[in-house]
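Take a look at this one; I'll ask things after.
For clarity, chains are labelled A, B, C and D in written order, and residue numbers in each chain start from 1.
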């Protein structure tokens, strides 16, 4: 695995942007591995992802911010620097359905997900065994009608304690509070079992079956304070037939949920996702 | 092309149904070409499509109804008999966008669509030339705010005059009245340029772009008195990227619309579609 | 779960077939749950799958064969009777790659796969832990250049001892001998990591990358004595881009392999697959 | 429509490449609209597509080559400059099947294909009427066993006379000679009705049916002197069922062929395709 840095930039679209960034990197002898950019003309916005090899890069990374600041200021950039050597710390929230959890853990074990998983948080005991199989601490925080605030406080204490950068809701069946969503803005990824914006809210497979759609879908998105409305990272669909019952849809949907969620998580961890407005750009 | 008959049946699910139908056909020496059935347990409903060769069939088709009536009554069947020798008469409604019309006419010319097309009705002159290329009468019925009722009366007179069995709205940009929809219940197929029920109503590509979905879709459905709510016959989707503008989606969507509409029309013409409740069964 | 019987039939296509079968079942008061049939005109072949509820079925299943024999003889049927109460016994062969194994075991645990798994056989120790997690005996049979015959003898002794009905090669990296393939004809399901017949044999992802294809695929098929040539049960593909290296294809392909193999296994276990000639019919 | 220039570059991958190109364009005040690049590490190759607005660009395009030459030489670039104001001139070759031709002409008419179509060449009269509908000269050059060389000479004379930049074989049923393929290297796009490299050569739908594959495909590629072996531009597949006959596959395949071919042609015309070695990069 290469030791790389990735720069994610968004700013007003101006001439000379690419030249300025490329010159800066060339000055320090960067070997660019990937570069991708996008201009949104309607929003007058320039978005860029650029990744380079740190081997042979002549700027000490501790000095990067100071060196890059003049360019960033000149163009009014919002920017983030990500280093492959720093593995994000990801918490998984789960309830009783374990298929997304099992899938994420196996991918992590296989090396597909470039992160650490310091803990799993659940409102039920059911998934403890699989967490232990992969050697990951499993915390049960019971959530009921009357203790939502306390439960979230306990969850957030755990997240802070473990230095968590990203939360994945792997079919976690509780709605996060507005305060929680705001505190972890664009840092909570959820999987919804429909092709949003169709069938927002509860029981989407039942409603898809009742409506007689010919495809079912799944959507992974960042959580915002509005339910099932955050910026979409990935979606996919699969064909169904009249022969399939709601239970069949649930079963078939598990494959969609697993794949759509894992793609979104991987892209986030690979620093490929830029949120702007209500939308995402996923650089490939 | 074989000379066949197709029976479409729906009735309460009872034992002995298949035996009764199969015995009836065997009695008259039918060579069954295709048979497919579906039980909807929730609705206690049995749905069947059975097609047989009329070569060697020992019952005169003029006598079919009388011969089959006892079975139909015994099981409380709703049934329709379709003969391949009788080509349905299909009218196409179109406005200015011609891509679906061009596609349907070429498929019809190629033999994919087993129908006659006695006329095309439009609220604009634009598509006259392509209609004439295929030798199909083209009628312009102008539709404005103030003459909707008169325009529909004129359209319906044309439909009656030409003995039309099926109407295809090939991106026809006017909403049919409730009276029209009711009169041609399950006989009007529309193409909507979204993955229904997402983005019902106007400008779905604009709204898909604004919402940041990762796939766009198209849906063909029977028209009912509620806009974009009728039984869905077919849907499909295609992936889009952040690079694509609304105009790109419109262009890409044309391929979806063409294909989804043409499938729905072909299946209807092949007597593969059974409507029940708010849904369809498409026998393959 | 209902207690059902499923009849799989293939025979020359003759008139009266459906009536005979339907009458037979109706005589014994069968409640038919699913029925599907297919006629292959070129091969003059009739293929049928019919499943009925054993609750209320008036024929003792011990007497089924004797009762059905006259019909089977009259039409020259090859037929198999499967009962949902009898769970097939499935062995999984695996080497070092564990993704298909993990997927199959999780699906089995979730109830998606209606079978028992009395043992897993491997030529390596690597997957023992995951087998033990699900409580399934794990047998290592080392396979080298010089002991292929002995290794297969040991494997086959295990299969016989455990009454195995179906063998799934979950990325098992050894080729079975002709004798083995013949002994378990249409009872060994393999997953090949290409869209067969493209890229038969070794290293298909490397060859797909070198050829510059725009989609990669996976194929599950019954094993025959000719490598990668048996009847195909299921295939699927996924889009790739020029940005993806061979390693990326390998990673992306794992999702395809898992899903394609699990579908094939589930359909086989649900008695939906009929082999005829070089092909399969998968009744849905 | 904007007045733009597009630069397509391939060269050994060296540091400073992006900076050099970006600086060059910035010097002349270019407003970059799209930029995409790809590094192939195995081949040590850098590939780039960059498009900018000519409005406000301060370099006269007649002087571009001289101005850019030092950079091109320094990095050993192969490069092409394409201007949106220059519409490529595309000839279509067709035989009797007209579905791809009809599709291309309608897309061209709608503005999807940024080209001129000075002529259509066929070995049959059948498609003359559709050519005339769109007002495009239609030339019949009969091709038989004994006049292949003369026929190609006549075709090539027509291509030269009409200044043709691109040839599209829209289900043209003759194989071009090695000499023809070489003369129009990477300038002839063919559509093959299979998922190459499966079913190279004749009658792919028949062979797909016989092999029992579960998906059929289509492939558009540049023609080389080896049949069905040129660099692939685009592929797609569609699912088939055991119910479908060879004739059904042919019909279903027409939709695949139309869409896959039209994508390849559009991408070529939009200067999105770079060939390297045996492969293409399609910049999106």
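FYI, contacts are C-beta pairs under 8 Å (C-beta built on N, C-alpha and C of every residue); 3 or more make two chains touch, one makes a residue touch a chain.
Here is each chain with its UniProt name: A, B, C, D = Formyltetrahydrofolate deformylase.
Bear in mind that the values here come from a model prediction, so they are computed numbers and not experimental data.
Trainee: If every chain is reduced to the average of its C-alpha atoms, which one ends up farthest from chain C?
Mentor: D
Trainee: Looking at chain pairs C-D and B-D, which one is connected by more C-beta pairs in contact?
Mentor: C-D
Trainee: Have a look at where chain B meets chain C and say same if over half of the interface residue numbers show up on both copies, different if under half do.
Mentor: Mostly the same residues.
Trainee: Working from the CA atoms, figure out how many degrees chain A turns to land on chain B, in steps of 5.
Mentor: 180
Trainee: Please report how many Å separate the Cα centroid of chain C from that of chain D, as a whole number.
Mentor: Averaging C-alpha atoms per chain gives centres 42 Å apart.
Trainee: Using mean CA coordinates as chain centres, what's the gap between chain B and chain D in Å?
Mentor: 36
Trainee: What are the residue numbers in chain B that touch two or more other chains?
Mentor: 34, 243 - these are the residues of chain B that touch more than one other chain.
Trainee: Given the complex with chain A, which residues does chain D contribute to the contact?
Mentor: These residues of chain D touch chain A: 15-16, 18-19, 22-23, 25-26, 29-37, 39.
Trainee: Any idea which chain C residues touch chain A in the complex?
Mentor: Residue positions touching the partner: 34, 99, 102, 106, 110, 112, 129, 133, 241, 243, 251, 254-255, 259, 284.
Trainee: Could you please specify the touching residues of chain B with respect to chain A in the complex?
Mentor: 38, 40-41, 195-199, 210-215, 217, 231-232, 234-237, 242-243, 245, 278-282
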